[in-house]
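A, B, C and D are the chain letters, set down in written order, and residue numbers restart from 1 in every chain.
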Amino acid sequence: MSQEWQFIAIFIVLAPIFPAAPVILNHLLGPRKPNPIKQQTYECGIETVGDSWVQFKVQYYIYALVFVIFDIEAVFLFPIAAAFDQLTLFAIVEIVIFVVLLSMGLAYAWGRGALEWI
Amino acid sequence: MTTDQVIFIILSVITLGTALLVVTLRNLFHAALALMATFLGVAGLYVMLDAGFLAAAQLLVYIGAISILLIFAIMMTRRLMSADEPAFNSQVWAALVTAVVGFLVVLWAILRLTGLGTEDLSILWRAPVDSKPIGLDVLPYIQNSVAAMGQAFVDPNGFVLPFEIASVLLLAGLVGAIIVAWPKAEDEES
Amino acid sequence: MIPLSWYLIVAALLFSIGLFGVMSRRNAVAILMSVELMLNAVNINLVAFWRYVWYDNVDGLVWAVFVLTVAAAEAAVGLALIISVYRSRDSVVADELDTLKN
Amino acid sequence: MSFDIVEFLKSLVSLNVAEYLKTVVGDQAWVNFVSDVIGVVIISTFCLLIVIFLIWLERKVIARMQDRIGPNRVGGRYGLLQTVADVIKLLIKEDITPAGADKLAYWLAPFLTVIAALLIWAVMPFAPGVIGVDLDIGVFYVLAISSASVVALLLAGWGSNNKYALLGAFRAVAQLVSYEVPMILSLLVPILLARSMSTVDIVEAQTVPFIFVVPLAAVIFMISALAETGRTPFDLLEAESEIVSGFHVEYGGMKFGMFFLAEFISTLFMSGFFTTMFLGGYRLFGLENLVIGDGWAIGRLLGLIIFFVKMFAVYFLFIWIRATWPRVRVDQILNFNWKFLVPLSLVLILAIAVLDKVIPADAGIYARSSILLLANLLIAMFAIEIMRTVARRKRKESSGDAAMTIDESEHNDVHDAHDSHHEVAAAH
């Protein structure tokens, strides 16, 4: 493992302490008198009907879908941008083709109305 | 045992343990959480292998994007998977046997590894090379593997074809997924 | 020092676990998750061989990124299929989806 | 090398105590380990403590902007200890876990948000050489870690077993993943100009701060940063009037405090990151390299001050925006992103890539910068023109039924505010 990632590793190990300390302190200091009413789900005052399950629109999934595509695009484009000095004009044309192809996906989703809310 | 080895063992235990949870947990949401921990463990292994960029990409794509898709899908299809349903189908034992046999076969293959262009199996048991193997040309940009990757993506002698095909694949995936997932007109009426 | 074989064995174990999941789970989403495990195992192997054997070029890393891409596309389409099937058949249990049988 | 008090003071002024002590003790593995641990503790405690000040600042500034006084009781007439009192209040609240909650997800979520918000500070360059670690994939690392905080929202929403929480989490996730796209694309521009993903390299490349080279990218980043941190006008994440309070409605005590904390830490991070990527970070006319006398390198200290001044100026802008603008509707937020920001940033990144390659390499830095600036302004003009045309057409369409324009629009607003209730009701 390279030296620079050692810092990140230590950070990941130590980071949970910082949120844990106040939460544990809260757990120790706070009163503890649970009762069924208090632990009810906070919705409309009346007791919750059914599960919190709601039939969600497929819209949410579509947004996440388009996001995934652009995420992958980032994984390709970030190293390319870092290597920009060594690139030829031909490479730029390839990048343009790549981005345009992905934009067609966005355009398709748009044209189909998949990006409309509701 | 060196520090590296201890870290490696911890990471592998996390990876494999949570992977086992993924395939055994009945609660799908918890299985997805375990899957995220597996991804994290694998990212750790990438860092151990000096592939920091890939570790970050793993986090960005797997945890940031694919896990969210998975959780959305779990939430959208949750109603019928109540907790008391069995997690496994009828061929669970056959599956177990296949997996164990498959692992043993792969282990056998690993231990008599071929195809590396060398009959010398000591490569399995020694430390990684930090410098280049003798007799091979070192690309001038190898010091920075990330930039080298970027160049390889668009290098006409490198990976330009897979790179463009990847964009076509993603486009096809996006369009296909929208077509499949989008509710048809008759569904909306009911 | 960590020898190459350790990585290969961990990857093989991860792959076997994924294989077991694919064959034994009932829920289609869970099967997809198991497939992701198998793809991850493949990626560990790619990166390990890159680091230990072919450190002089970046082919291993590049292929690992392509595997990542394929995994994302597969998950996107697979989950869309599952959602669509769920909507029409009210089920995500892989065994019960047998319209094409006989 | 033995310990020398003058050298030590010099290293103290030039902010490289760690390097100096390493030369004294010797460069061993455990020394590195200890200095890393100390670095982590310093960064983390800085983040936690500064939030106390940030909350006070935000309340005070917004109060002044809205012609109120703001906190003025606890801790003198400026209410300096108000936040401390709030923290103590949160600490002695009862720790409730709602019935039917998914305990694992419910407890994991607040930890995950704070951890993600802290971890991204590791690559923030505070001053020359004063940085957690200069990763060669710095910017990408930030994106990767902050994408994990989206998962935390889903965990919170799911774990609470509450319709409003889940609904809020879904909306928040839709917003966050959507705005991550223009953020990624706008961050590509400085990387492309600096030819590196390392944050230090990007700062060093800014002889001309990138905001003067690619102002459009800076604006896009600013907007998506506002959305990513869930601040007004994109504060749907906690729209009290619409979905009670969003994903953290079931949280109380310090667990709620953790979400609050993470929000402020990441807002400050975004200000700092904006400073790093577009405002030249700790650089200001070479002041950061100043050395006076024999080896009193106070430049680093100046760099630290410069960085903080810039960062808080950006943070002040965040507060200003919050005090000024109303909340935007959820469909407007998402439409604005997918149909304006993303196409715009795609065009921008392609234009910059092509231009940067076409401009001959021997053109001076100022010539290059001004060509890029011109291209930016042109693209921005076109974008605004397109937006105006579309808006005009929309207005014309809606004035077709002119009689009810005013009534109807008011009615629509009311209708929208209750939309979430309809969604819930439809599910029953």
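Convention: a residue touches a chain if its C-beta (ideal position, glycine included) is under 8 Å from a C-beta of that chain, and two chains touch if they have at least 3 such contacts.
Values in this document were obtained by computation on a predicted structure and should not be read as measured data.
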{"item": "Result of counting contacting C-beta pairs for A-B and B-D, higher pair", "value": "A-B"}
{"item": "Nearest-to-centre chain - CA centroid comparison", "value": "A"}
{"item": "Cα-centroid distance, subunit C relative to subunit D, in whole angstrom", "value": "34"}
{"item": "Whole-Å gap separating subunit B and subunit D, where each centre is the average of the chain's CA atoms", "value": "30"}
{"item": "Centre distance in Å when subunit A and subunit B are each reduced to the mean of their C-alpha atoms", "value": "18"}
{"item": "Subunit A-subunit D separation of Cα centroids, rounded to whole Å", "value": "15"}
{"item": "Subunit C: positions in contact with at least two other chains", "value": "65, 68-69, 72, 75-76, 79-80, 83"}
{"item": "Shared interface positions of subunit A, touching two or more other chains", "value": "5, 8, 53, 55-56, 58, 60-61, 64-69, 71-72, 74-76, 78, 81-84, 87, 95, 109"}
{"item": "Subunit B, residues touching no fewer than two other chains", "value": "4, 48, 50, 52-53, 57, 60-61, 64-66, 68-69, 72-73, 75-76, 144, 146, 148-149, 153, 166, 170, 173-174, 177-178, 181, 183"}
{"item": "Interface residues, subunit C side, partner subunit A - complex", "value": "65, 68-69, 72, 75-76, 79-80, 83"}
{"item": "Subunit A-facing residues of subunit D, complex", "value": "32-33, 36-37, 39-41, 43-45, 48, 87, 90-100, 110-111, 114-115, 118-119, 122, 132-137, 139-141, 143, 147, 160-167, 170, 173-174, 177-178, 180-181, 184-185, 188, 191-192, 195-197, 244, 249-250, 253-255, 257-258, 261, 330-331, 334-335, 338-339, 342-343, 346, 349-350, 353-354, 356-358, 419, 423-424, 426-428"}
{"item": "Subunit B - residues contacting subunit A, complex", "value": "4, 7, 47-48, 50, 52-53, 57, 60-61, 64-66, 68-69, 72-73, 75-76, 78-79, 141, 144, 146-151, 153-156, 160, 163-164, 166-168, 170-171, 173-175, 177-178, 181-183"}
{"item": "For the subunit C and subunit B complex, residues of the former touching the latter", "value": "1-10, 12-21, 23-27, 29-30, 32-34, 36-37, 40, 43-44, 47-48, 50-53, 55-59, 61-62, 64-66, 68-77, 79-84, 86-88, 90-95"}
{"item": "Of all residues in subunit A, those that touch subunit C in their complex", "value": "58, 61, 65, 68-69, 71-72, 75-76"}
